[in-house]
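Across the two complexes that follow, chain A remains constant while its partner is chain B and subsequently chain C.
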Partner chain A sequence: MTWLKLVEGYMPMQMITELAICILVFSIINYSLKRAGMGLPKFWAGIFVWCFVNLFYLKYRIYPPIPFSVRAIYGTVAACGIFMWVSGSQQEWEEFKRPIINVLDAKTGMTKFIRTALLILLPIGLWGFAYNSFLPSFDEPIELRTVHPAPPATTKVHGKTYVLQTAANPYRVNPEGKYDQAYSNAHIVSQDMGRLMKDVKNPEDNPWDPNAKGYIKHVREGGEIFFQNCHFCHGDNLNGRGLWAFAFNPIPANFTDAGTIAQLQETFVFWRVAKGGIGLPGEGFPWASVMPPWEQHLTVDEIWKVIMFEYWHTGYYPRTWE
Partner chain B sequence: MNEIQFDTGHFEKRMVMNETTTPGYGRRGLGAWLLSCGLLIGGLGFATTSHAEMAEGFAEGSRPAPPSAEQIEAGKRVYFTKCVWCHGVDGAGDGPGADRLWPRPRNFNAGTFKIRHTASGELPLIDVDLFQTVTHGLPGSAMPSWEGILTEDQRRDVLAFVTSELVKDRSWQDTEFEEFHVLQLEKIEPVPPTAESVKRGSELVKEMKCIECHGLEGRGDGNAFNLKDDWGFSIQPADWHKCWNFRGSRQDAYNVKNIFRTFSTGVSGTPMPSFADNTTVEDRWHIANYVASLCERDKDVDIAGGNVTDEIAAELVAAQPRGIDPLTDKPKVDFVVPSKFVEGELPADEHDERWDLVDRRIVAMGGQITHKPRNFVTRIDDVWIQSLYNDTHISFMFRWDDRTKSVQEDEVDWEPYEVNLADYGIEEQPPGGSMFADDPEHPESIAAKQTAYQVFNDGLAFQFPIKWQELPAPRKPRYFWGDEGFPVDITKWTADGELKAYQGTGWDVDFDDRDDFTEELNVVKAEWTNGRWTVIVTRPLKGDYEEDAYIELGKYIPINFFVWDGHNGDVGRKMAVSAFYYLVLEPPIEKETYIYPTIAAIGLVLVEGWILTRRANRRKGKV
Partner chain C sequence: MGRLFNQMTRGKKKLFAVSALMVMGCLLLLPIFLSITAVAAGGGAPAGGPPADVVAAQKAEGEEGEAEKVEMGRDVYYKTEGPAIGMPAPVTEDNETFYPRYNFESRVLLWVANQQHLYYGSFVLAVPIFCMCIEFAGMVSKDKAMAKKYDQLAYDFIKISLTAYSLTAILGGILIFTFLTLYPAFFGYLSSIFRPVMHIYALTFVAESATLYIYYYGWDKMREGVLKWVHLSMSVILNVIGTVLMFLANSWIAFMMSPAGVDEQGRYLGNIWHVLHTALWNPLNVHRILGNMAFGGGVVAAYAAYRFLSSKTDEERAHYDWMGYIAMSLGVAFLIPLPFAGYWLMREVYAYRQQMGITLMGGLLAWLFIIQATMIGILFLTTNYYLWQALGRMTGGERFQKYIKYLVFILVVGLLVFITPHTIVMTPAELKAMGGQQHPVLGNYGVMSAKNGGINAIIMTTVLSFIWYQRGNRVPTVSWAKFGNIFMGCFFLIGQLNNIWLACYGYFIPANVRIGLSVPQVAGTLSCLLLMTPLNLAMLKNGRQLGPIRWGQIPPRSQYAIIMLATAFTWMMGLMGYIRSSVRLFWHVNEVMRDNSPWAYTHTIGFAANVISFNVLFFWISIMFVFWLGTLGAKKVPVPSPAGQPVPSPQSATGH
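On to the complex of A and B.
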């Protein structure tokens, strides 16, 4: 379904809305048909709704695809819901099961034919289904990885030990040269303008201004490092969809997602950048991550600058102890 | 019947234009170049007509309205947040990221844009061509899709800024010299991709000499290694088998219209000309259908060096497109590589019918960017793998597109088992490129160096954990040649014909030779033809348990891959790598698989009988 795009970050809301619209449309059609005296048989309406939700919507619309076991749970829940709907009153229940009874009784030629067909096809179908489920299947094993494992208390980078609780980004400074998160927060890429710079003419806001000084100049230097080193995986949008993201597993982190740098302290990011994939504890799968230990490629200053750039560009603040 | 027209009027106008304007970079020599190209390709045998103003399928387009100052100002903010990092402060394609990129970011100054609906040499349509480029990105380059990141208004704003401030040599508002002849892509009736059309297309690509650059089988391996773009940077012809990497694929890789458009309007700034003036619309569809049919599908159709017969054409048409992952715009990756059992000898070449027993899998390859020397350009971005096994051995067939066969000719100072080659001068590309760079040729950039590397061997390697049976899942040795305490079994093939077994214990530790096992390895076939390597290797399922990975049935065995392109200067740690995959030797089907379903089916028949009897009794009771 390429004509209806799923927007990243809004997928759940989009899907709930879509399903709600579908149910509404179905109810309206059902109601108006009933008013017109051509009401849909309960039996077929129930089967149609179940097939639509479970076979069609959950299987083909949702992306990335959900595993069969999860779909089976949703399918059962949907079946229960539909069962409650069709058995709301004794009369409705009679109406629902009438087609089934009719086929069982086989009084007309048509129902006789359907009954015979079902009697033969059901065992064959069951055989095929059971055979399929007995065939050894080799799906990719599910391996659960901790994306943000617990950090160590200290980390040693380029011969110097950093205490993660007390270390601070030396470039997050106000014009007086003091560490000042409020100042830097005021100069990140503005959220209300779609994450774009506030004022391209103001040297305090524009890292490309030749007069840019202090914080905003360091942001530019961090950006230069990012676009020489990091974008290959983390992408030009910082959304983890770089040139080679398709080749790697685990996939590169998406910094624009509220679940990554936005909920981490700057020193945690510093530790992760400096030590890379190989420096992760076991639950983070250090053997699989291609994230470089950046201490092999960058200086400590460069690491701090690139971290500051990542916050500036995504418009997030690092988490603090307060 | 003058279906093929050589449009003299058009070219003459261009020649005059060329002499009288203050020339921009892209325009200088363009007319003359086009003319010579037209002569070369069209030959002298075509009839000339004076009344023809436009090539078939084109119509007069309208000039875009100049953007408002507010829009340009808003676009400037977008540009200096998102685009400047690669395209640079003056839009000269020389931002901080540029020197490590190939292809290099676009230099906007000359107004030369690759993907257009407008006739060759003309400026693109801003609200169609450039808007789609920003929206969908340019696959195969670092330009991403900006949809979902920038709103539609922001994308239009940034184009207003780029087209009015950064395109410096030409102007959309220049009524004297700029014309817009637009390909009527939506109005032209496509020719359906039938076997006849595909076969005709395969003949036309020879007649039109497409194969001179794109290669006999269209893998971009023609006589084209030294091609350059307008700025003097090396450039390579498209590989028709990877439509998802076509710059103009617009996140709709298998859509033949994209190919028809590129073929009709050419790729400005590159040696790829427009064929609008010397092919009919119908012929262009045939060619587009053929090119689209070559893009990798569920079945690997052998096109026999481009000599497409009726049978091959029918097979090409019948093959189904592969699923494209909408999150990456590349073919979907399945991390399980199946291997199937065959009786007797393993296949001796790629034509053995038993390869059809098992699915081929695509292994996505990315640059090795974890440790020095990092590899910022991968000429090989995927490898296809198939595997079969018998009672004693397992066979792997690797096939991958590589435009150049690279076999090392000069002696090197290091031994094959050595991995730290920095001492021998193998270094990574320096970052270069700052906002103040001013040399337009960027001689130190990766794009300028692409054809100048010392040539090493092409190669392919794969690794298994040694004693993987004892690893507590999901623990694995490090993907990069293992680590201390978790050694790996490495099998490495190089284009000089060597196939060797090594033990790896870390990314920076020299390999240990495993000479006993090396003797058991066998290169069944290693051949480079028409831009593709086919390498078939076999190895015993079992060796020495302590040193060689035991390949067992029905188990998930971690495996990952490495590939080197010698013409890319790949050697040692400079290469492309894959993520971890799992090799699974599918065991033959057991008896239980048939018995239990039969019991279940018989049970269901009994239940049916019971229900019917009960119902019948009930009705009797009622009556």
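On to the complex of A and C.
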């Protein structure tokens, strides 16, 4: 269904709204059919809704494809919801059960045929399921990877120990040179600035401005470091789609996603950049990260600056607790 | 004259009884006063070190120039200086001396013993609170028949908990023996730290037992007049003691997670209040009170459901239907604020140690939180389902049943968002097809902002279901009914829109502001609960009744829903206990005493789930035994039913 676009930035709400509209339309159609004396029996209505949501909408409408584990969760919850709906009142429950009871009772030729067919097909289906379960698979095994392993309380970089709970980015400063997250938050990139920032007149907002100084100048320096070292993997849009990205499994982190740096304290990112994949703790099993320990290539100042650039460019704010 | 004399004698007897009970109450509360005094004085006997008077003498000597004799230590949490009067935490090794063992994993044995004790402990602490509420409701009820019914119900509740109380004590003993046998070094250290309050705990337990027995066995003797109020006061005392008992027990686990009052070596610094009042103590206390209540309600409701399903007569069915409804309502009343208390606890965990919070919510244990979210969802969905089924036993309830499908949609969508994992399980092929670890659509559901929206939508819908239930067989007749209905509808609509808007807005603001957004979200939900429910009741006052509640005429599905609710509570308690405990990773006492046993690793999710399921099964089998015991002494004495609500009591308190 590529003709109907999922609009970036609104996709989660769009999905829920589309589902709501679909369910509403089905309700209206069924209501109209009922008025005309041709209403869909509850049993088939329930099965239809479940099939629509799980076998059609979630499988073919949402792109990129949703992994099976999540679809299984959604399918189970949807089935529970449908059960609650069809058995909400005794009358509806009786209506829902009727086709099943009819088949079990097998009082007509058709129901007798269905019952016989089910008696044959169900064991075959179960046999097929069991056969498939035992069939050797050549797929790579599933890895339950911990994306954000817990950081240590402190980390030592270039001989200095940093307490991750309390350390702060020394370049996140206001014009007076004091640490000021609110100031930097007010000067991150925004949609209306345009990609080349031609229209941005305020040097406090534009890192390419020759008069830029303080926080925004450090952002530019961070950007230079990023494009010299990081963008090959993390991409020039910081979305994890760099030139080399697809040589790796898993592909590098997508900083534009709301679930990566936007969820983390700046010091967490500092620790990860400094120590790289090899410095992941035991919890980070199976250590599926090829990121080098950047402390071997960058200075502490450079690491802080590049982190600041990442937040600036994605428009996210680092997590804080105050 | 003779009558006057008799009255005076009766009055004196009453006065004597009241005085005696007051003295008894004071004596029972004595341990608590003692504990408060001891805590206020900063400790009593120091842990693992010399007595307080010796320390005081040492201090005095120090003032005279010999201060070097008392080594000072710095509190790991409060950062205050204090005399290091306790022994350091033992540095253990993996051998039989520190970790004696059977040919089995000691940790699992301790886990099972602990969990079973906790289940029963929670139950026996929660039920007296219910009894207090129900007994009070009966006493203030103007309807004599209803008052009698409530009183009988409270009695039924406490009777169930009495057998469970003995089991709690037995399991507590087993737990201590398990600790002493399998983890002697660790238990020795912990008891040395908590020595000033250990005996207070034991005394409080004695006071709890004594009060409970007086409360139970004095039910008939104190059923009229002033004595009834004395009886109710006993339940208040019982609950105060029970709460203190739980707070003390909580302080041990809070100390293990977020130690305070000791220095880096684990030496006690002489301030027992610091040891008790750790970073996570209060959030744990609040969370456990609410959790116990919800759990207790669930277990009693399951008991009623079990009795309903096995009932032979309509009268029995009616009684147990009503009992199940009351117990479930009480449980759910405490379930609603539980997620907010949990949120506060997690916030404090993050504030205490960031890595602990990340291990829980984003790292190693994150998948267990998804299972927890699923269980929470099951609890709320089941509650709604029960209420919808309950509409069926009221004339007029069918008016609302046709709208159930819309509530189902909101609940299902809310739950889907709430349980979407942040770390998705997928094959490498799926990972490549998705183009990275984060899904551009579902990834947004995996973070807190969306999840807050999801759970608040679910809770608000549950409140709406409850309001429908209240209206089931009644129609408001107040002059402002139309305005009230419109206002209520708008209130819910605005509440949901506000919730969804804030959930979306949370993506565009810094994390510290986003965390604050949960306040208006919660406020919206609680407003729906705390304002709309009384408004609804005000509208229904003197309303037109469409028919009586046909107690007992509810589909069996509803009772299975109650049993599922109780099982989900039990499973979730086991799960959360495991999560809370395993977040310490390889520490007995976080960052102070390392766990060097061979079991200092985190279990796989599958193994943990199996042990939790075993615990749940064991608890339910044993509680079935308790239920069965409860039925042995039952005598069936009919109680007149109130008009319009034919709910009999299967047994009377009289004669027990």
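The definition used in the following text is that the second predicted complex is superposed on the first by the 173 of 322 C-alpha atoms of A that agree within 3 Å, B and C clash if a C-alpha of one lies under 4 Å from a C-alpha of the other, contacts with A are read in each partner's own complex, and residues count from 1 in each chain.
Assume contacts are C-beta pairs under 8 Å (C-beta built on N, C-alpha and C of every residue); 3 or more make two chains touch, one makes a residue touch a chain.
Note that the structure is predicted; figures quoted are calculated from it, not measured.
Applying the stated contact rule after C-alpha superposition, one finds that A:N249 touches each of chain B and chain C. In the superposition on chain A, A:P64 makes contact with both chain B and chain C. In the superposition on chain A, A:E140 makes contact with both chain B and chain C.
Legend: residue contacts after superposition of the two complexes on their common chain; A:S184 is shown touching neither chain B nor chain C. In the superposed model, A:N54 lies in contact with neither chain B nor chain C. Once chain A of one complex is fitted onto chain A of the other, the partner contacts of A:I73 are limited to chain C, with no touch recorded for chain B.
Contacts of A:V7 after superposition: chain B is touched, whereas chain C is not reached.
Of the two partner chains, chain C is the only one touched by A:G81; chain B is not.
Within the superposed three-chain model, A:N169 lies out of touch with both chain B and chain C [touch as defined at top]. Overlaid on A, the two complexes show chain B and chain C touching the same residues of chain A, namely 8, 64, 139-141, 143, 145, 241, 246, 249. Only residues 73, 76-78, 80-82, 84-86, 89, 95-97, 99-100, 142-144, 146-151, 154, 252, 325-330, 333-336, 338, 364-367, 369-372, 374, 376, 378, 381, 431, 433-435, 473-479, 483, 486, 554, 556, 576-580, 582, 584, 586-587, 589, 592-594, 596-598, 600-602, 604-605, 608, 611-612, 615, 619 of chain B touch chain A when the two sit together in their complex. Every residue of chain C that touches chain A in the complex is listed here, in rising order: 350-351, 353-356, 358-359, 362-364, 366-367, 377, 381, 384-385, 388-389, 391-392, 398, 401, 404-405, 408-409, 411-413, 415-417, 419-447, 450, 500, 504, 507, 509-512, 555, 557, 591, 605. Those residues of chain A lying in contact with chain C across their complex are 6, 8, 11-13, 15-16, 19-20, 23, 27, 62, 64-70, 73-74, 77-78, 80-82, 84-85, 87-93, 139-153, 164-165, 181, 185, 240-241, 246, 249-251, 253-254, 257-260, 262-263, 265, 268, 283, 317-322.
Residues 2, 5, 7-8, 63-64, 104-105, 119, 122-124, 126-131, 134-136, 138-141, 143, 145, 189, 193-197, 200, 206-208, 220, 223-229, 231-233, 235-237, 239, 241-249, 256, 276-278, 282, 285-288, 290-293, 296-297, 313 of chain A touch chain B in their complex.
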